[in-house]
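Below are two complexes that have subunit A in common, paired first with subunit B and then with subunit C.
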Partner chain A sequence: MNRMSKALAAIVTAGCMFGTAQADTLEIGVLLPSPIADVGWSHALNEGIAAVVEKYGDKVNVSTIENIQEGPDADRIMNKMIGDGHEFLLLGSFGYMNAGLKLAQRNPERTFLHASGYKTAKNFSPFTAKYYEGAYLMGMAAAELTKTKKLGVVSAFAIPELISTINGFTLGARSIDPDITVDVIWINSWFDPAKAQDSAKALLAGGADILFSNAQDTPSVVTVGEEAGAYVFNLNSSMKEYAPTKYLGVVKTDWAPFFVASVDAHLAGTFEGANEWLGMDDDVVVVEDWSSDISSDMMTRIQAMHEEIASGARHVYDGPLVNQAGEEVIPTGQRLEDGAILGMDWHVEGVNSPLPK
Partner chain B sequence: MSTLEFFLAGTFSAATIFLLAALGELVAEKSGVLNLSVEGMMAVSAAVGFVVTYETGSHIAGFAGAGLAGVLLSLIFAITAITFLANQVATGLAVGILGLGLSALIGRDYESLTIASSAGINIPVLSEIPLIGAVLFQQHPVVYLTFLLALIIGFTLKHTRLGLAIRSTGENPHAAQALGFPVFLIRYCCVAFGGLLAGFAGAYASTIYTPLWADGMIAGRGWIAVALVVFGTWKTGRIAFGALLFGMVSLGELIAQSMGAGIPSQLLSSLPYIVTIIVLAVISTDRARMRLHSPFSLGETFDGTEGR
Partner chain C sequence: MQFKLDRRERASRRMLLLTPLLAVLLSVITSSLLLLILNKPVGSTLHSFFIAPFENFYSITEVFLKFGPLLLIAQALAVGFRAKVWNIGAEGQMIIGAIAASSVPVYFVDSTSGWLLPAMIALGAAGGMSWAAIAAWLKTRFNANEILVTLMLTSIALQLLYYLLLGPWKDPMGFNFPQTVMFQNEALFSPLFSGVRLNTSIIIPIIFTVAVWLFMERHFGGFKLVVGGLAPQAATYAGFSAKKAVWVSLLLAGFAAGLAGMSEVAGPIGQLQRSVTSGYGYSAIIVAYLGALNPVGIVFAAFFVAVLQIGGDVALVSANLPISAVHVFQGLLLIFYLATYTLVNYQIRPLRHASSSTTEGQPT
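So, the complex of A and B:
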C-alpha cells in the first residue's frame, strides 16, 4: 500500500514537472469546429498552424482539439486550455467568440486569434478573409464557360461573409456578360452533405451549369458538379481531386503568413488586437488550380484584375452598384465602405433568389 | 433532366432513407419496444458502411457491414431495456448518443473522402417514357427493394402468424406470454430487425444517396424516421406515404429557393418538422382512434410475470 502511494506520488510529480518544466516553449492551443479532414475549413486553419510549427520547431508546442461544437462544451475546453498553460489560443469558429473574449479579458497576457468574429480586445484579434475578391475572379471565369448564362450557388447561412462572397461572384460574372444571373440555395447548415448535394442537383435541374460551393466543408457539391459535367469551385482548400475534369478553381485561404506574424508579435510582446480582414494583398486569399478550359485570353484578363485588386487600384465593390430591386446603391466613382461589406445584407442585381430575412 | 423530373425522381430516393429506418422502427414498436436510438444506429452504420465500401469497393459488403453494425448497437439497447428492464426512452436516447460518438470515431480517418455511387438501373423501354420513365424506372435497386419491403412488412404484420405474435406482444405481453409466445425472443428479434433496417438506411445515405463520409451527415433524418412511425399511425402504407411526403418537402424546399420563391429559407428548412407537428396534432385529436393504432404496451417494460 505504502509502495503504491509512493509510486502514485512519483507519477503525479513527474506529470507536474512535465507540464510546467518547459517554460521556454510557447504552448499553442487550437480549437476547431469540425474534424481536420484532407480538405475544408479546419484543414485550412491547421495548415496555417503547421507553418508556425515549421518556423519555430521545438519552440512551440501545439495541442489541437477538433470537432468541438460551439456552445458550453467549447467554453469548458477553452477554460481548460488556459488552465493547462496555453499562452496562444486559436479559436476556429464564429460561435467561440463571446466565451473567448471573456477569457481574453481575464488573461491579458495571453494572445487570442478568433476566426470570423467581429469583437476585438487588446489581446484578441478576429480574422476573416475577403473571399469576395477571389470569388470575383471565379465569376469572370464562370462567365466565359457558362452556356446557359445561369450560375448556381449552394450556400450555408445568410451571413454577411457569405452574402458578400456571392455578390462578388455575381459582379465578376456580370462584368464579362451582363446577361448572367445567379441562383442561390441557402441550406441553413454548415454541414449537411446530403442537403448540399440535393441543392446542387436542384440548381442544375433549374438550368444552372456552373456551381459554387459556398462554405460547404465537404466535397458534396464538388462531386455533383463532376458527375453532372458542370464546372464547380469552392472556398478554403482545393478539392480538385474530387472533380478532376470539371474543377474551375479554388478561392483558397492561406493563413500561414498571418498566423506566423501573430506568433512573432506575441513572442516579441508587440501583439495588438485588431479586426484582421485579410485579402489578396495580404496573400491570405489565393486563387489557384484554374481549369485549363479557361481561354488564355480570359486568363490574362483575370490575372490583370487580380493585380488591380491586390494593389488596391480596383475594388470589387466599386460603383456603380445596383441592388436586386434595381436601385443604385453606390454611384459610379464611389466605393462601398468596409463596414457596409462586413455587414452586407443585400444582394446585387443579377442574383435571382431573394435573400432570406 | 427538368426540374419537375428531378423533383419527382429525387422524392423517391430521398424517401428511401426515411422509409427504411421507419419500417425498422415500426416493427420494433409493434412488439412494444420504443427504440429512440435510430439516429445513432444510422450514424454508426453510415460510417461502417462507408468505411467497408471504401476499403472493399463493394456496396454489398458495405450494406452487410452497416446492417451488422445496426444490429449490434440495437442489441446493446435490447439487453439494457428488455433484459435489464431499464427505461426504454432513456436507454434509447443514451444508445443513440453513443452511436453518434462511435460514428465520429469510426469515420475519423475517412473524413470527407468520397466513393463512387453504385449506378441506378435503367429498365429498357419503360425508362424512355417521358417524365414517368425518369421517375419510376430509373431508380436505384435499393429504392425498389425498400418499397417492396414495405409491402412485405405490411402483409406480414397483418396476415401472418408471425405478425400476430409480434402484435400481441406489443399489445399485451402478459397475455402473449400466457398464450405461449416467447415474448423476450420476439422483442429481441424485432429490435434487432429495426437495427438492421436502420443500418441499411445509414448505408444507403453514406454510400448511395450521398456517397461520402462526413461526421454528422445523418443530420436528424433518424428522428424524422421515428416521427414517421407515429405520423403513419403504425401502418406501413401511411408510413410509406409519409416518407414520400417528407422526401417531397425536403426537396421542394430547395427547389422553391432555386426558383426564387420569396419564402424565408429558414421557414422552408423547418417545413418537414412543422408538417410533423401539424399531422401529429391532427391525428391525435381523436384519442380513441389514436389508442386503437398505437401498440398498447409501447414503451412499457415487461418483467415476464403474470400481469398487473
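So, the complex of A and C:
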C-alpha cells in the first residue's frame, strides 16, 4: 500500500515537472506551402526560424509542417496545432489567411505571423518584404550588362508584392538607360518548373538577354539563364550554384531579425499585430552574390544607391513616376504612398506586357 | 512447399468482405515497418491515425466533414464502375460544380435571399452533370475512351477555375489575389454546432446513399445498368441499352461530384479559390473499391478513409510525420486491397504432385 502511494506520488511529481517544463517552453508551429528544399521561399522562412532556435535553444520547441496545400486541410492542420498547444504560429503562405485570422480571433493570447497577406488583428501580423528595393539595384546592374536593352521576367501571380518588384526592377534599369524595356510572363504558380523554363526560353527568344525569376520556388529560370548565357537573378535565397557563371545576384530575404524580434515581443507580452513591411533598413532585404562581371564603377553607384535607399534618403517610388499609358502618376518631388505600393495594380512605363486583368 | 492460384467457381462472398480488412491489416503492418525505418514511434503514430480522430468533439465533426463528400462521390462512381464505366474525372466534375454554384454569390454579392443556397445546389448539380455529359456524349457518339476524356476534362476544369479567379471573378478588394469574395452567410450551409465546420450539407450524401441503395439493390433499372456495362451485346438482345448505362453512370457521377464541390465552397471554404476539391474526386475512387462497389460497404469505406485522412493530418502535427509518409500509407492501402482482391476470384492451394488428378490447372 505504502509502496503504491509512493509510486503514485512519484508519478504525480513527474507529471508536475513535465507540466512546468512544458510551460517554460514556447511551442512554435510553422506551416509551409512547399517542401523546405535547398532554395526558395520555404527554405528562407525555415532559415529565419532556425535563428529563433539558435537564440532561444531549449526554450523553444519548433514543429514544422511543410508542403501543405492551401485549403480546408491546411485549416484543419492549423486548428490541430492550436489544439496541441502551439503558442506562436508562423503561417507561410497567403492562402492560409482567412482561416488563420479566424483562429487568431478565437485565441487572442496566441501570436500569429502570416506571410504575404493584407489582413491584420491584434495578435495577427501579415509580413512582406520590400523586394522592390533590392530589385531596383538589380535593375541598375542589368542595365549595364544588357546588350539588347530588353529584360525578361518570369513571374508568379499578379499580386501587388510582385508587381511592385517588377516596377522597382524596371525603374532601376531605366535610371541608368531609359531605352530599356521589360517583358513579363505570368505563369500563375509559385512552383511549376516546366512552365517556368518554357517561359524563360520564350523571353529569350523574344530578345531579352537578362532574366529575373520573380518568386519562383524552383531554379528553373536560373538554369535556363546559365545554359543560354543570359544573366539571371532571383528572390529569397541564393541560386548561384545553378548559374555559376551567369548569376547576377540575389535579392535575399533574411527573416531572422523579424522572427526573433516577434518571438521576443511575444515572450515579453508586448506583441502588437501590424502590417509588417520590411526592407533594407530592417536587414530583411539583403542583396548579395553580385556577379563579378559588373564594373567596379557600377558597383560603386549601386552601393551608393543601396545606402540612400536603406537610410530613407531616397525611395524607389520617388516621382516622377509614369505608368504604362504614359500618364504621370506622381510628379517630381513627391513620393508614392505606402498604401499605393501595398496595393499596386499598375505597371510603370517601360514594362511592355499588359497586366492581366 | 509450392502454392498455386486456382480460379474459384464463383466469386467468394466471404473473401469479398474479408479483403478490405486484410488490406487494412497488411498496410498497418507494412507502415509500421516503414515507421521503424524512419525512426518514428510506431505506437503514437498509429494512435494518431486511428484513435486521435475520435479523441475530441471537434475531430469527430471533422471526420464527418470529410466523410460527406467522399461518400457522395464514391456512391455515384461505384454505380458507374459496376456498369464498367470508368469515370476517373470526378475531380473535374467537382470543380465545375463548385464554379457553377459560386456564380450565384459572385454575381449577387449583396443578396440575402433565402433562395441563394437552393439556387447554388441546383447549379452545382447541373454544373457537374454537364461536365460529365461531355464525356458521355464523346463515348456514345465517337466511342472515345472515357478514362482519358474524364481525366483530361479535369485539367480543363482546373484551367477554367484559374481563369475565373484571375480574371472576371477575382475579389475586387482582394489585391489581385486569385480568389473570389467571401460568400455571405445566406450562401453558406449552417454549421451543425457552433464552432465546428460540419454543416447541414451532410444530409445530401446520406439521402443520396439511400437512393443509390434502393436503385441498385431493389430496382430493375440498377440491374439493367450493370448488364448494359458488363455485356453490351447481351444487354442489347435483352432490350437494355449499353449507351444508357454510359449516360446514367456519368450523369449520376457528375450530379454527385457537382454537389460535393458545391458543398465545399458553401461549407468549409466559404469562397471560390484555387484549391476547392481536397482531392476528393480521386480519393472517392479508392473509397468505391474499398467498399467493394456496394452501397453499404461504401459507407464504411468512406468513414474509414475519412478517419485515415484526419488521422494523417494529426500524424503530421503530433507525430511529426512527413506528408509523403501519410500519402504512402494511404497508397499502400489501395495496393494491398487490389492485391488481396485476387482472393475473391482465386484461391491459394498447395501444389501437390499430380497423382490421381489429370484435370489440374496450370500453376500460375
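Following the convention adopted for this analysis, the second predicted complex is superposed on the first by the 336 of 357 C-alpha atoms of A that agree within 3 Å, B and C clash if a C-alpha of one lies under 4 Å from a C-alpha of the other, contacts with A are read in each partner's own complex, and residues count from 1 in each chain.
Everything below uses one rule, namely that contacts are C-beta pairs under 8 Å (C-beta built on N, C-alpha and C of every residue); 3 or more make two chains touch, one makes a residue touch a chain.
On a predicted model such as this, the values are computed, not experimentally measured, just so you know.
> See if subunit A has more residues touched by subunit B or by subunit C, and give me that chain.
Looking at subunit B versus subunit C, the one contacting more residues of subunit A is B.
> Have a look at where A:G339 lands relative to subunit B and subunit C in the superposition and call it first, second, both or neither.
neither
> Does the superposition put A:I159 against subunit B (first), subunit C (second), both, or neither?
second
> After the superposition on A, what does A:G57 contact: first (subunit B), second (subunit C), both or neither?
neither
> Mind working out whether A:F94 is in touch with subunit B, subunit C, both or neither, as first, second, both or neither?
A:F94 contacts subunit C only, not subunit B.
> Considering only the touch criterion stated at the top, classify A:D75 as touching first (subunit B), second (subunit C), both, or neither.
second
> In the overlay, answer first, second, both or neither for which of subunit B and subunit C A:G326 touches.
Neither partner.
> Taking the superposition on A as described, I'd like to know which of subunit B and subunit C A:N67 touches: first, second, both or neither.
both
> Mind working out whether A:G83 is in touch with subunit B, subunit C, both or neither, as first, second, both or neither?
So A:G83 only meets subunit C here.
> Is A:Y118 contacted by the first partner subunit B, the second partner subunit C, both or neither?
The second partner, subunit C, only.
> Please report the subunit A residues shared by its interface with subunit B and its interface with subunit C.
Overlap of subunit B and subunit C footprints on subunit A: residues 67, 158, 188, 356-357.
> Write out the stretch or stretches of subunit C touching subunit A in their complex.
Within the complex, subunit C touches subunit A at residues 56, 58, 62, 65, 162, 166-167, 175-178, 182, 197, 264, 268-271, 273-276, 278, 309-310, 313-314, 316-318, 320, 322-324.
> Which residues, counting only subunit B, touch subunit A once they are in their complex?
Residues 1-3, 5-7, 10, 14, 104, 108, 111-114, 205, 209-212, 214-217, 219, 221, 250-251, 254-255, 257-260, 262, 264-266, 269.
> For a test of understanding, state which residues of subunit A touch subunit B in their complex under the given definition.
Residues in contact with subunit B: 34-40, 67, 152, 158, 183-189, 191-195, 197-199, 201-206, 208, 217-220, 223, 242, 352-354, 356-357.
> Going by the contact rule at the top, pick out the subunit A residues touching subunit C in the complex.
For subunit A paired with subunit C, touching residues are 29, 63, 65-73, 75-77, 79-81, 83-84, 94-95, 98, 118, 157-160, 163, 188, 342-343, 345, 356-357.
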